[in-house]
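Labels run A, B and C following the written order; every chain starts at residue 1.
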Amino acid sequence: MIETRNINFYYGDFHAIKNISIAIKPNTITAFIGPSGCGKSTFLRLFNRMNDLIENTRLEGECLIDGKNIYEKSTDVDALRKRVGMVFQKPNPFPKTIFENVAYGLRVNDMGDKHFIKQRVEESLQAAALWDEVKDKLQKSAYELSGGQQQRLCIARALAVAPSVILMDEPASALDPISTSKIEELVHELKQHYTIVIVTHNMQQAARVSDNTGFFMHGELVEYSDTKKMFLNPDKESTQNYITGRFG
Amino acid sequence: MQKKKIIRRILDKTTEYLLTFSGAITGIAIVFITIFLFTEGAALFKSPEVEQGYELYVHAQNPINTLSPAETKKIFDSEITNWKDIGGKDGEIKIFRIDDAFSVYPEDELGENYALLPQKLGELIAQDENILAFLPKQYAPIGSSVKALVSHNIQPSDYFLGKEWMPTATPVPFFGVMPLVLGTLLVSIVALIIALPLGLGVAIYLSELASEKQRRLLKPVIELLAGIPSVVYGFFGLVVLVPAIQKSLHLPVGETAFTGSLLLAIMALPTIISVAEDALRNTPRAMREASLAMGATQWQTIYRVVVPYAKSGISAAVVLGIGRAIGETMAVMMVTGNAAVMPHSIFQSVRTIPATIAAELGEAPAGGPHYQALFLLGCILFVFTMIISISAEIISKKKNYKPH
Amino acid sequence: MNKKHSQFVAFLIFKLLGIIVVLILFSILGFIIINGVRVINWEFLSKFPGEGMTTGGIFPAIVGTLYLTIGSLLFAFPLGVMSALYTQEYAGKGWIVKTIRMMTNNLASVPSIVFGLFGMSLFVNKLNFGDSLLAGSLTLGLLALPVIIRTTEEALKAVPDTYRAASLALGATKLQTISKVVLPAAMPNIITGLILSIGRVSGETAPILFTVAAYFLPHLPSGVFDQAMALPYHLYVLATSGTDIEASRPMAYGTALVLILIVLTMNLLATFIRRKLEKKRSK
């Protein structure tokens, strides 16, 4: 369960997120759509405090995950990020072997012994539908994989530490259509075990994979509802315009 | 109109040739340097072992035909005093130098311009079967009972493996470069051992931990320090480091290999920091974010992702640092004491290759063996740095993993 | 919490390291500045050394270094810029360019004392210039050459290809394109490289030891075949082989500070030009 209460976020003087309150249910897929620069990625990165890395930023309001405000002083940010995994826009595997990429999170979080790690790597790669393609070359560099495979590797890497939430920041935008459909299938599979929040600029994708959709514009959450309703019968005119404009 | 076009075309072509020519010249410069160094240096192996312009003479009955440089040295140092020790007849070796002739013969007996000297020397040698005369060739003794010892040319093995560097010793100079090569390597390697962890640490601090404000203040100062002339560092070493090391370590002198290493390390720090920091900062943001998003701490991200990613950049910096250290002349010369002996400890005075060249070239007569030996030292230095620079190039081009 | 502890310890070490190293480096600068500032005045800069280099000034050394710097760059700057133009603008990507680039790269890593050896052998002995400003300038110029070539190449690379295409598309010849479009655009960066190499050349000692530098001269050099004094060599002499080393120590501090000031000025100038250029671009 993720919930934000009156969140405002600033880059210097720029008001990037304007008073957004939202609730995301567990084991659902939520898509954030909107034109570029609308704040959807910034909003997503609030959930695992990735925006902390950017200097000269400011946050107001609360963001609760499982009932606890993650912006409290006492929050263990590393533990939070372990619980809230993230997949980035461009595949960003480490310059390590395929095995070590997936094992990375387990190693940095001191999770289990050699045997456990080995088992967990296999499970994660299977969950990410990559195992059959890479099981014979686990010791090869991750950069030998294709772009789509790399992105699934990054998903496996995120799954390995057993998060409860997975954030996906336009995970298929850098991929070809076939790889994209594989990722979408995968996202659908993962829903059973994880809460997934996905940012996309591709509305068809949002319509295909998500249960709920939020439409962002100029830092505001214009509309947030069931995906079917959003695409068939949106409440707001600007949502309608955006969706039809893109489809038309 | 037509005319203008033609002029333009000619101008265009001329410029192209001119530029091509300049490119060729700069390319050839290094070939030129190589050729000059090596021809001057290689001439050493065509020089005789005995001091230039001199020769060793013995009585014709003496069974000895040649002496090795080591034997000659021992004889003249009175470590060997009997011919039988070197395979001759029993008899005490009697050394005779040109100066001795003047105590035997009054100057007026020698004729104008010492014209009679060769003959007199011949007589002198004829009188004594045990004599070993070290004489200038221009007064080569005349007489049937005089025998000049066969003098070999200096051997490459004497030079490259020799353990004694005594370029001005008489009658046989020693050009063994081992003490200099080892001195150079010792000073440079210890310097690197000091500078590397410090430099890397500061680079990590600057690129990962320091605030933007601190970085903007420190980076230019570090760049400035990298540009300060080595002679200024040498001066600093001389007035500060040398006495400090002498006092704190209770050494007889403060000019030691360690002082040189310390100073070289200080000099290398700005370069290592600045290159390593650039390499670290070149690690893509996506790598850091990926690691942090997995719940890794900042420190885990640094040593598991950032440093490995910057590895090739950092190693190139290290290798270039070695090259600089090996070639550094003035600062090292000013603080290492310059004793050309085989180094046994780092708290002892040593002499490096560049310091030897700088200190001795001024006194070595052009074209003589000493001069040639110094050029050959230049060749060794040149080859060292070439190997280092080429390997740095290979390292920095080689990326462990290439993204698609 | 284990990984948090190790982060704490590691960062503590790095911060300490950073502070220590920065302090050491700053103290070197501070040491020379504090000791040197006491000595530097107009007399020090404008007078000849006196009484076995224990009094007076360093005027001839300043003039000598000025001559040497100008002389070396007169030769190295045009040659370096032209070769960079050749490799960047004219030559193809073939093995000739690769070889030339590799050779200039290697030239940059040759130790300065080796340049000194070469300069002595070729300019002083073979060409019979003797110990002279000419021989010293050529030797120093050779040393500056790879620096100038590299910075010029970088400057030319930074000029967008669209500039060239636009000019050529308007019917300009290659020469016109280079002289009217490419070079002006690259000039600030080229000048920055030139300024930095001034800093480098003016501080070099080893190459001038046997090609020009004089221990002491009672008069200024009057022609290119004269010997000259030079700041870095003068500092070396003052520090190691003056008639009374203790008494000439203040002179040495002053000379060291002048050398640092030259490098500092050149760095500031280069930064200034770079800043100005960046502002111009962003407008």
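Basically, a contact is a pair of C-beta atoms (placed from the backbone, for glycine too) under 8 Å apart; a residue touches a chain by one contact, two chains touch by 3 or more.
Predicted model, so just to flag it, every value in this text is computed and none were measured.
Trainee: Going by the touch criterion at the top, tell me which pair is linked by more C-beta contacts: B-C or A-B.
Mentor: Pair with more contacting C-beta pairs, B-C versus A-B: B-C.
Trainee: Going by C-alpha centres, which chain is most central here?
Mentor: C
Trainee: Taking each chain's centre as the mean of its CA atoms, which one is farthest from the centre of chain C?
Mentor: If we average the C-alpha coordinates per chain, A ends up farthest from chain C.
Trainee: How many angstrom lie between the CA centroids of chain A and chain C, rounded to a whole number?
Mentor: That gives a centre separation of 52 Å.
Trainee: Could you grab the centroid distance between chain B and chain C? Build each centroid from C-alpha atoms only and quote it in angstrom.
Mentor: 23
Trainee: Can you work out the whole-Å distance between the CA centroids of chain A and chain B?
Mentor: Centre separation, chain A to chain B: 60 Å.
Trainee: Please output the residue numbers of chain C that touch at least 2 other chains, ranges allowed.
Mentor: Those would be 3-4.
Trainee: On chain B, where are the residues touching two or more other chains?
Mentor: Residues 297, 300 of chain B each touch two or more of the other chains.
Trainee: Two or more other chains touching the same residue: where does that happen in chain A?
Mentor: 78, 108-109
Trainee: Under the stated contact criterion, what part of chain B meets chain A in this complex?
Mentor: So the residues of chain B touching chain A come out as 212, 284, 286-297, 300, 304-305, 308-309, 400-404.
Trainee: Spell out the part of chain C that touches chain B in their complex, as residue ranges.
Mentor: Against chain B, chain C makes touches at 3-4, 6-7, 10-11, 13-15, 17-18, 20-22, 24-26, 28-29, 31-32, 78-80, 82-83, 85-87, 89-91, 97, 99-100, 102-118, 120-122, 125, 142, 145-146, 149, 173-176, 196, 199-200, 202-206, 209-210, 232-233, 235-236, 239-240, 249, 252, 256, 259-260, 263-264, 266-267, 271.
Trainee: With touch defined as at the start, can you tell me which chain A residues reach chain C in the complex?
Mentor: Going by the criterion above, the answer is residues 78, 108-110.
Trainee: What does chain A use to touch chain B in their complex?
Mentor: That would be residues 48, 50, 53, 55, 78-83, 85-86, 88, 90, 92-96, 104-105, 107-109, 141-143, 146-147, 150, 154, 157-158, 161 of chain A.
Trainee: Quick one: in the complex, what on chain C touches chain A?
Mentor: 2-4
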